[in-house]
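Shared between the two complexes below is subunit A, which has subunit B as its partner in the first and subunit C in the second.
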Partner chain A sequence: MLSWPEKRDVIGQSTPRVDAPAKVTGAAKYSSDVQPEGWLYGMIYRSRWPAAKVTGINIEKAKQIPGIKAVVVERDGERTVRFYGEELAAVAGTSKQACLDALLVIEVEATPLPFVVKEEAARNPNSPRVWPDAANLPEPNVREKGDVDKAFAAAAAVVEGFFTTPTQLHQPLETHGNTVSVTYDGVTCWASTQGIFSVRDGLADYLEVPHEKVRVITDHMGGGFGAKFGPGAEGGLAGRLSKAAGAPVKLMLTRFDQSLAVGNRPSSFQQIKLGADADGKMVAFEMNSFGTAGIGAGASSAGGGGGAGFPAPYIYVVPNIRVKQSSVAINAGQARAFRAPGHPIASFGMESIVDELAVKLKMDPVELRLKNDPNKIRQREYAIGIEHFGWKQKYKPPGSSPGPIKVGVGCAGATWGGGGRGTQADVQINPDGSVEVRCGTQDLGTGTRTLVAVVAAEVFGLKPEQISARIGDTQFPPSGGSGGSTTAASVCPAIFDACTNALQDLQKKTGVADARGSNWSAACRKLGVNPLTSHGKWQEGLSSSGAGGVQFAEVEVDTETGFVKVRKILCVQDCGLIVDKLTCETQINGGVIMGLGYALYEERVMDSATGVVLNPNFETYKVPNFADVPEIEVILVDMPERGVIGVGEPATIPTAGAIANAVANALGVRVSSLPITPARVLAALGKVGKVGSKA
Partner chain B sequence: MKPFQYAAPRTVDSAVSLAADQGRFLAGGIDILGEMKDYIASPRLLVNVKDLPVTREITPGKESWTIGTNVTISEIEQHAELKRIFPGLQQAAAEVGSPQIRNVATVGGNLAQHSRCWYYRHRDIHCLKKGGDTCYAHDGENKYHSLFSGNPCISPVVSNLAIALAALDARAIVRRGREEVALSIADLYAKAWENPEAHNSLTGTDLILRVQIPDAGRRSAYQQVSEKASFDWALVSCAAAATVEGTKLSKVRVVLGAVAPIPWQVQAAHDFLEGKKLDDDVATQAAGIILKDATPREHNGYKVPIAQALIRRTLKQLVG
Partner chain C sequence: MNTPLCKYLRTKKMFVPVHEAEALTEAAEAGTEADAFYWCNCTLSEIGADDKPAHLRACIPGRICFKE
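The block that comes next holds the complex of A and B.
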């Protein structure tokens, strides 16, 4: 069985991204930059009704607009639309303006239907049904263990709370979209995707061509967080437009489109009750929760995990539990997997109630966690965190900091699976000593290309910049989608195996006993004229799964204006063997910043009267700017003996819970809904008067 | 965006006459292009006023400063003398949008910008402000909306500069018909108080040429609270100006933004503060007078305590 080398020269170092020069000079072409010869713009016509019976779509006038080369309807015949923004038709033309003009003259015959866009309203049995044959709120899933009622009756301390989290929209900086070229020979798709092979298969099936006829290329893409696995409705429509127009069609969604129909993190409404004995050992847990995944879950994401259920009581061991969870349907865009599906929701509710319990027991919150979270790695991480953060000095009784601007601290923990398997790779060693590694994975921006180079450089005794890492093409050996924090753990072992094979082949063929490092050039020259090619695949023993991670937050809250400023986040994180320290840290930074957005700013706002998303833009769907980002300190717990484990997801899980706990610690009262806006802080402080009353 | 024609006149006469036939003025373009892209406005003609003579200068004078309509927000932000004499104006400018926006957005455009209400800005909602018959914010999502309004539309004025300029008793010199008229900032927005379709008092051919700010030796200050630390609209903003001797205030102005369709100022509060020594109690009483008639709706009641805090803090900043 292969194992990682004991002594590592490149792995675990801070290696700058191999593609950084290309990215900062603009040489790197993102999927949205691709401009194949003769390409056309594509755009989608969307439902303007949150619910309607559509009986006809007339595209004749759109076809007459100068510059328009193709118009297609999304599907023929009568249909029911169930949310504002559902795809109805698409156009392709020689300019953006031609497409916009064409969208304006598409005529839709429709009868509006009643709709409901708010979770609490949709639960009412008298509200309009999203699906005619099913209640909006089905019976809950129930999980029960032990005797909850008895345990609560005997508990020394019981706390209860009601917590809500918003629908968080997928807002990668590069919107969803593809450029698709359908020709007689086959289909080429430049995709902004997390899974080139799942796009290939999805697009081939949609266009009814063999999988091998479709080539998907993703050289560089601008972010994917769980909703970019399949071609999407936009990819299929681009394919049909390309076929109809006989030209490549680039169909990238607008920010407006992005906010409607390509996925989100479900909302949650969590009623939680937690009991403990006098020593702080948790004895009973009860939860009733519901949330919405819009009209459904998981649509065309091929990523799964988009439902409104989530783990409870999360990372804590409680002997007696009763959990009832349900999803309520509303007329809104559907959920899709979203960076650590379920976990930030679970973490926020659970970590909030745990801190409430600590307050009730007059116990240090970290101590209470250590008593009830048996995970050895997190125990170690809390110990590191207490020390580095200065927790003992910083933690004060809730609301005790003086003055109108109050300071508070909080913490929270995470768990995530990660791991991965199944990747294959080819290595080609050229007689001049240059090395090409080919692998059909893709880089979401996390540094996959760099990891490939780092692992190959380690095996060959070279520098990462001496390796050409070629990824993002379905003509390379297959790899899986980049989701669930599986890429590093799936790709690195395959590269290691392929390079180990290549090194052995090279040494055998050339008779050089050790071809590595300073012997490399001389050994490669002995190959003569033909390059050497070796194959490798993911092997057992080089990776595993199961990451923890804890975060500590320090905040200041202006109790007169409600403004929350996060001063610092400390993340203590494990992910097995660290492959590239730098990209690992930066990926954690990104996870923390996304968690910060979830904690303080992000929330899809639906309008009850009109059924639209009111904030389909970055003006009012607020994401963090640099000025909002605190000092982020990352302490990596390197565990090489565990092999490679992914880190993309765990890093975003506990941020919101830690911030919420820090805010509660500062204020002495809890803001139990995300995002924690000035309005909610002031309301929690009792400073907001009754509606309609004079100030 | 619908197709449009474009003109770049070199004289005010020509600009005004061009605008008369379904035209809209274009300067920095931040506001008008957004409206056009979202189909909120589809003018036949864009009249670029950036090349009009004597509109890009910041000019000191004996009694007042003059700032041309095409001066950018960042020019105000970075003007050392303005910062010294009218710190409230500089602080208001520094909070506008992002650096990229401030580099192109202009004084005239900032003052004349339209409502940011998310119902008004939504392409598929025909609200009261767009000539429809319903203000959806009334019983809908109104967390960003007004505490005061003289008409059923509750979208607030969001121009930072208007709030600071109102506190400084500035006047907007507006070309109206064949004349130049000097409007107080209150006059510049008065129509929005009573008319739900109005964003300000300007007609389609009224063109702001410059603003004049009296240099009366008063101190000034501006503060706002937003949901984010930067590049975000004010939930509430507050500007104040006064002559200060020790802690004694006179010629006081306190103006709130983002709480009414107009810069919100209450004469009774100015009268109350006249000649008073500022302390917490006085500031709190002034805030009480200014907010007396506030009518919070379902989601915007939190603006009241923010306004109270900002009034206290801005006044304190004057004497600090």
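The block that comes next holds the complex of A and C.
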């Protein structure tokens, strides 16, 4: 069985991105930058009704607009639309303005239907049904263990709380979209995707062409957080437009489109009760929760929650539990996977009630966690965090901070699976000593290309910049989609195997006993004029799954304005073998910043009267900017014996819970709904009226 | 699941090799982890060709758009 080298020269160091020069000079072409010859703009005509029966779509006038080369209807025949923004038709033209003009003259015959866009209203059996044959609110999923009622009756301390989290919109800097070229010879798609082979699979079925006739390229892409799998409706429509127009069509969603129809993190409303004995050992947990995954929720999904379920009780072992979860359908865009699906929701509710329990027991919150969290890695991480954060000096009784600007601290933990499998790679060693590594993975912006170069450089005794890491093309050996924090753990072992094979082949062919490092050039020259190519694949023993991670937050809260400023986040994170310390740290930074947005700013706001998303742009849907970002300290717990474990997801999970606990510690009262806006802070302090949870 | 599923039913885990085997199983809907969302490769939408939702328990024989 292969194993990572005991002594590592490149792996584990802080290696700058190998594609950084291309990115900062603009040479790197993102999927949205691609402009094949003769390309056309593509745009989508979307439903203006949150619910309606559509009986006809007339595209004839749109076809007559100057510059318009193709117009297609998304689906023939009568249909029902179920949310504002559902795709109805698409246009392709020589300019953006031509497309906008064409969208204006598409005529739709539609009969508006009753609709509901708020979770609380949708739960009412008398509310309009999203799906006529199924209730909006299905029977809950129920899980029960032990004797909950008896355990609560015997508990020394019992706390209860109602916690809500918002629908969070997917907002990568590069919106969803593709440029698709359909010719007699096949289909080429430049996709902003987390899975090039998933796009190939989707386009092949949708356009009815063989897989081998579809090539998908993702050289650089601007972020994906779980929702960019498959070509999406926008990819399929771009393909049909290209076929109709006989030209490539670039259909990148507008920010408005992005906010309506390509997924979101479901909302949650969690009624939680937690009991413990006098020593702080948790004995009983009960939760009744609901949330929405938009049109994907409700009884129509035949028992599934459409993404609105989440693990509970989160990370702590409680012997007696009763959990009832349901997901209610509303007339809004469907949820999709969103960075650590379910976990930030679960973490916020659970970590909030744990801190409430600590207050009731008059116990240090970290001490309470250590009593109830059996995970050895998190125990170790809490110990590191206590020391580095100065927890014992900083933690004060809730609300005891003096003055109008109050300071508080909080903490929270996380768990995530990850793991790797299923990647293959080719390595080509050229007589001039250059090395090309080819792998059909994709780099979401996390640094996958750099990881490929780092692993290859380690094996060959070279520098990462000497490796040409070629990824993002379905013509390369296959790899899986980048989801679930599995990319590093899937790709790195395959690259290691392929490079190890290549090194052995080179040494065998040239007779050079050790071709690495300073011997490399001479050994490669012995190849003559023909390159050497070797293959490799993911191997057992080089990766594993299961990451923990804890975070500590320090905040200051202005009790006169309600403004929360996060001073510092400390993240103590394990991720197995660290391949590139720099990319690992930056990915954690990104996770923390996303968690900050979830904690303080982000929330989709639906309008009950019109059914529209009221904040479908960055003016009204706030994400963190640089001024909002606190000091982020990352302590990596290096565990090379575990092999590679992904880190994309765990770092975003506990941030909101840690911040919420810090705010509660500062104020002495809890803001139990995310995002923790100034209005909600002032409401918690009794200075303004209660702010709705947007249900 | 023992029931045959439509060949066009998709979910994210199918494209993530470490989760591929469990992608279309009851366990994926057990409620202990975040449950899944599905789409139809025929429509590239969460809604199938018959205007009903794509889902593990719905894209089965008997549905008008079902393809083996």
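Keep in mind that, in the parts below, the second predicted complex is superposed on the first by the 678 of 695 C-alpha atoms of A that agree within 3 Å, B and C clash if a C-alpha of one lies under 4 Å from a C-alpha of the other, contacts with A are read in each partner's own complex, and residues count from 1 in each chain.
Everything that follows uses one rule, which is that a residue touches a chain if its C-beta (ideal position, glycine included) is under 8 Å from a C-beta of that chain, and two chains touch if they have at least 3 such contacts.
As the structure is a prediction and not an experimental result, all values here were calculated from the model.
Contacts of A:K281 after superposition on the shared chain: neither subunit B nor subunit C is touched.
Touch criterion met: A:T561 reaches subunit B, while subunit C stays clear of it. Of the two partner chains placed around the shared chain by superposition, neither subunit B nor subunit C is touched by A:R215.
By the touch criterion stated above, A:F197 is placed in contact with subunit C alone, subunit B being left untouched. More residues of subunit A lie in contact with C than with the other chain of the pair subunit B and subunit C. When the shared chain is aligned, no partner comes close enough to touch A:K53: not subunit B, not subunit C.
Contact with neither subunit B nor subunit C is seen for A:K537 once the two complexes are overlaid on the shared chain.
Overlap of the subunit B and subunit C contact sets on subunit A: empty, with no shared residue. On the side of subunit C, the complex with subunit A involves touching residues 8, 10, 12-13, 15-20, 29, 31-39, 41-47, 49, 51-53, 55-58. For subunit A in complex with subunit C, the residues that touch the partner chain are 75, 79-80, 82, 87, 131, 141, 143, 195, 197-198, 201-202, 205-206, 226, 229-233, 235-236, 263, 293, 295-296, 300-311, 323, 325, 334-337, 341-343, 418-423, 480-481, 483-484, 486, 489-490, 538, 545. Interface of subunit B with subunit A (complex): residues 1-3, 116, 118-119, 122, 124-125, 134, 136, 139-141, 143-144, 147, 225, 227-233, 235, 291-302, 304-306, 308-310. By the touch criterion stated above, subunit A contacts subunit B in their complex at residues 48, 84, 97, 100-101, 104, 558, 560-563, 565, 600-601, 605, 607-610, 612, 614-615, 619-620, 622, 624-628, 677-679, 682-683, 687-695.
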